[in-house]
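Input: one structure, supplied below.
Chains: A, B, C and D, in written order; residue numbering restarts at 1 for each.
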Amino acid sequence: MFKTSITIEWGDCDEAGIVFYPNYFYWLDCAFQRLLRARGLSQRTLRSRYGAVTPIVQAHCDFKAPARYDDVLDIDVEVATDGERRFRVDYALSSNGKAIGSGHEVRAWARVNDDGSLGSMPVDAEFLALLRAG
Amino acid sequence: MFKTSITIEWGDCDEAGIVFYPNYFYWLDCAFQRLLRARGLSQRTLRSRYGAVTPIVQAHCDFKAPARYDDVLDIDVEVATDGERRFRVDYALSSNGKAIGSGHEVRAWARVNDDGSLGSMPVDAEFLALLRAG
Amino acid sequence: MFKTSITIEWGDCDEAGIVFYPNYFYWLDCAFQRLLRARGLSQRTLRSRYGAVTPIVQAHCDFKAPARYDDVLDIDVEVATDGERRFRVDYALSSNGKAIGSGHEVRAWARVNDDGSLGSMPVDAEFLALLRAG
Amino acid sequence: MFKTSITIEWGDCDEAGIVFYPNYFYWLDCAFQRLLRARGLSQRTLRSRYGAVTPIVQAHCDFKAPARYDDVLDIDVEVATDGERRFRVDYALSSNGKAIGSGHEVRAWARVNDDGSLGSMPVDAEFLALLRAG
């Protein structure tokens, strides 16, 4: 499991003083990018090493309790298989030990064709193993 | 059904030239706020007229095709019941007649207690009827 | 002069119910990108036609009155020269005829070198004329 | 002087792989809010203790070098007087010891009138001393 944290800023909250919810998805994506980085990867190395991009197929979040300005949001990340051509990233969100929510992304594994279109392909086994390690 | 549109801006896209997906949730929320407005409501009138707020319980989006800078994103919105204390907002996203994705929000109907905590309550029937009209 | 408009959304405002100010700069950039588009240009055509990018050198905004959720923000855009290698974009912001603020961007005209670094060059005269037309 | 840091995320960058500039202003505001917090203050305590809000009057940034995904942005913050009814917050931005840019905000010191309008007043001396300490 990979763990990372984010501090909630004033500008992340709405008129009600709680996080404006689309920001949670920004943090899910941040956590995924940080996981890539922690494994020595990045969007650019995915493309150069595997010829692949990871387009989003589904994003989901269940919200259990509000988080507020200056709270530290802890994010636990786990990667799972989801068929041959997709993988799933599960997120658990908490703050000060209190559950804030949970969510997931489903991402495809795709090559970029010469005309810019995307073509799905089986997820690279080494890539998946790297993300699921540790 | 309520319909609204949004133009995708340069800053909404990532290094791959397609929409950075958390922005879709920003647009779902925008569409909900615009629906409220079209019915003569707002977050403030919900609070003054019904003593209610509409905290997000779940947000979900399935992505079918990428959208790009300067595309106009058309959003169709429909409201449904979801038990006694929640309601659901369904969104269909398209651009130039092509399906881009679909999503939904589940929102609770809650009062703000004196200590700032939220207490759920049955969704006001007039409110729901207003949102489902037209 | 080029004119464009933007509707202020719930998520653009902070706990005080007024626009969270960094969003104004997002709208300045949007207005610049829309001006490019209105002249048949885009970041991509700048690169393919002129071999140029337009990195930001300075951004500035003076705020005169707050704007709120659901206000329509009208933006007037004018382009001026600023030395040989830069140009300036001036913005006037208003809502319902009331001045909200004014701002500007200074942008360089640069080529992308083979190593990814940027090298400034004299602003293309045709480009400037296109932006200042109309 | 107050110092804070922010990690640049994938979603903060544009198609050119560098920070989309409006995000810098988001970080300036974050740094100001963190300074308040470090002094035991917040937007809410400003209102309860001093009856004051700090509306933005001017924001400015000069950009010297681009910053990219995963760079750590270090922000130095200093507060200065700017007449009797305003104060100025100066920011220096760097990454890995390299200057990225500098900027400032001018903020007013204002009370919220009963009708919601703002009225400027002399900046509280204790507040300014707190922000300039350390």
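Note that in this section contacts are C-beta pairs under 8 Å (C-beta built on N, C-alpha and C of every residue); 3 or more make two chains touch, one makes a residue touch a chain.
What you see is a predicted model; the values in this text were computed from it and never measured.
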| item | value |
| --- | --- |
| Chain C against chain B, contact positions shared by both copies (same if over half, else different) | same |
| A-C compared against A-D, more contacting pairs | A-D |
| Whole-Å gap between the CA centroids of chain A and chain C | 31 |
| Centre-of-Cα separation between chain D and chain A, whole angstrom | 29 |
| Residues of chain B whose C-beta touches two or more other chains | 10-11, 15-16, 20, 22, 26, 29, 43, 69 |
| Chain-level touch network, classified as line, ring, star, complete or other | complete |
| Residues on chain B engaged by chain D in the complex (per definition of touch) | 10-11, 13-17, 20, 22, 69 |
| Residues of chain C defined as touching chain D within the complex | 15-16, 18, 20-23, 25-26, 28-29, 43, 53, 55-63, 66, 118 |
| Interfacial residue positions of chain A with respect to chain D in the complex | 9-11, 26, 29-30, 33, 37, 42-43, 69-70 |
